[in-house]
């Protein structure tokens, strides 16, 4: 490994880092677009704080829980608070096989970690208490996510068991999706969503914002998957770009056809979530598939989306942005697809994939449920009904998202 | 060529790929901003599907039509369906002279190809039938665009003839613009645009969306032109950045001054299209010009924009976003500018540029016209007048772009 | 230095260049979100023109004023109009120690330069005359910014004096902030902002736009600070990414806690400006700090924001977007922090930092004040009161930002 190759690798990883960072803007835009106008400031506030809290808590202890450098094959280890740079590695080409520096390692993983918490925020939107959510997100990124992350990427027992998850269909997306499911069960649906007359749609307030969000997530996913090669290896990263792009494209087509067949209309939100479903689906095996396999995986993910959205509504799991369909369902699908298609396909692998996602899912669900329950019986997790009806922007932020009446806004209430 | 340089080159090409991807978000935002509120979901839907369909059809046959690897100097060749990786090239440094891998080659070109179809969508917005448009776009990216692409970039007869088009003023932009012109002629103007009392402006519904779109297109253009160097050659790519940026800047100034002189107002949409005009104009010769020449080319492109917009309105070519002015007019201008300014300037070259753009334009116009005509006499290409008046969002998508009434939205219409 | 490393370095610098370019979209979105609906087209127009004018004027004379290559330790030098490439350097690996090419040098610095002018536009929004502002911005980027830039980065007297400013807490942000302050003083507050009954908030019209702007600025800041390493040195650039990200995160938390303590509400605009404050704060020493120090610097910057916003309102400096708090106050803080934390901390350094920022601030304030004053007494700098009340979009642009009445829009007024 020479300095030039090390430098090129590190450039790639930092390029991927900023792309993953953009996913936070993608989530913020998508979720803002899919909520009602009266809750827009609230969801933006949550998304701005999640990335901030996520980076800080991952620095504080998450990184060293996920990559403790000890206990190979185990369930838990901790490398200490803060960052603990290995002796003499700061400038060493031999850190991570010349793929990147210690700092790059941290910041790339930190951006990743924060996305897991963001997945939850869409599902619980429009009725969760802000402070409860921020505490939940902090602990999720600081402790829960890193533990199952360690199982696989930190060299723990799932790694030893042969479980495969290239960039996190399970470790990031299904884990986030299971946590979201636990949170939604405890939180309950928005008032008026499920009535005696059936399911009442509560449409988002801005399709342009939602579409911008999905495009930015796709954009960022090139870093999410491309960076997971952990070097700039030309064949590796370019194959991942091809499979990622084609799966997303096929996800759009799958959702387009399926939703048209089911609902007889060209449903933009289904197509947007189909793209995301394709992306989540390819994530576990983006480096193992050929282009044709990537298209199949994405297509099936796209088909899953409309069925899943209807399914969750039938069982009264109220998820304003479809996060459970996208991240949980397609995360499971993508994890299993590694045992069905591509370089590792086989019954044995399929079985390993199944218990891997089940184990991570169970851990994420149980810990998220436990923490949310604790918050519910202490500070409470749901806003008062009148706050939900007035909208969280005014009730919790003293702000309007658009064209506020001067009398009702921001800090000037206090300083005048 | 060593591994490190190959890696750095490939990083550059993939970086350029994601920038070109972002152009699709740019087009989506720009077109959404320039249409009426009631057609916003429709244009977003179209743009989300175009990138999906474009990637898939370019994989299916477009790439091997454009780069068949046979018939040098010819008019047509086909390398087979799907991707057909040359023997042993996946990891070989000697593919493309060490500039990038086979996968990178495909994905960069696929992102490029999809932009050509997107150019059309803006011009036909607000009255074209969704399904007709998607069929048109699929065939355009799968067959028509690759054929003229082969003429030049695949080593066909225009390449042999000495025609120069660095990154596609003709191959992408004028081709897309001629196709747009053909489509608009067959489609006719929006109802109420040209009345007995004169031209009635139909303003776009969101200038912030339009401005975001133009900035994102400019952003992406650094990859569109920068990646067209086909390696990370330091002098090559950095010169292209300079000429691209200065031409865009000069385009803004040219359109600013001209539109102020013509209309006595500071017209934002002219300035935005002036930026795009400057970018389209520099694209054919971004690697041949010095900074001063780039400024001149961009300035003239910016001056062209307001005159062209007025001209197309005078001849009743109704183009809601100005795509014909930006891509067709400035694409022609940029192509000719290669014969006037810079390293290849000369009468002989100018003549070659002229018949190159004429040949590609004729092919694009005739094939697009033929296909659109076929669609018109079969499934129809124009929405019913009442759909146009109600807006396509409700008529074709059962959705509103903003703050939808719950009763009229999305899939829940079918599942309640 | 071999070709591969040179190439990787240059890729990094151009990657950083496009990120800094995106900051202009960030500023445009942020400022558009924080102004009233009726002034949206105007602020978008200004931001589109500033990047255009900035690039052109920096090409015309700014670059050669800032990096004249002569008069080391001095106050002023000029290398001639246009670009003047040193003999034989275009392709030479030895230009800038192999960090980048001459063209890269220019375009990276040009993107930087234009940000300084943009800082002013937010502070003077909603009442400044467009033409006066554009003249001001052109001269600021062409002459004033490069002169103080030369003092430090061009090798002038501040560099000799040991003043440290890694990426421009002083040279870009405080300079822009002081210029903004001068402009606001001459311009006066918006009508109705400060009344006999106290401060009247004038809330921005779109929090989603403001949030998108801040995320994009954070995104771009990775290039602003990352590119200021002036090569792709793996340890250097990755450490800067870590400190930049953590300072921004801590800025959000600092502003969150402080504004909650002061105003008892979760104020989104404070958190957004807290992020920006953290970014401005870390900019002077992003390469000198460890992660813990970066967090402290960002946290303090975040705490400064709400106090500063209240302070400027108390002294009737009307700044619609908080640019003086973010760029001026946190720019000063970040500059001083270099003397307090990190590798260069020390009383001597703190003193040097203090007079450095004072010197640059004094120059920026005095020259900006002088130029604005000249404009005030000649063409005037403030729009008529009735224009301010109707909104600048209609009064100066004949346009509406959203859903315009057809009769009142754009160029068709003139051509019908």
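Here are some notes:
Letters are used for the chains, namely A, B and C, taken in the order the chains are written, and counting of residues starts over at 1 for each.
What we mean here is this: contacts are C-beta pairs under 8 Å (C-beta built on N, C-alpha and C of every residue); 3 or more make two chains touch, one makes a residue touch a chain.
For clarity, every value in this text was computed on a predicted model and none was experimentally measured.
Rotation angle, chain A onto chain C, C-alpha superposition: 120 degrees, expressed as a multiple of 5.
Where chain A touches chain B, under half of the residue numbers in use are shared by the two copies, so each contributes mostly different positions. With centres defined as mean CA coordinates, chain B is found 32 Å away from chain A.
In chain A, 2, 4-5, 7-8, 11, 15, 206, 212 are the positions where the chain touches two or more neighbouring chains simultaneously.
By the touch criterion stated above, chain B contacts chain A in their complex at residues 2-8, 10-11, 14-15, 17-18, 21-22, 24-25, 28-29, 32, 40-41, 44-45, 47-49, 51-56, 59, 82-83, 90-91, 100-104, 106-107, 110-111, 130, 206, 209, 212, 396-404, 406, 409-416. Remark: chain C residues 2, 4-5, 7-9, 11-12, 15, 19, 36-37, 197-208, 211-212, 214-216, 218-219, 222-223, 226, 232-235, 237-239, 241-242, 245-246, 248-253, 256, 259, 262-272, 275, 291-292, 295, 306, 309-310, 313 touch chain A in the complex.
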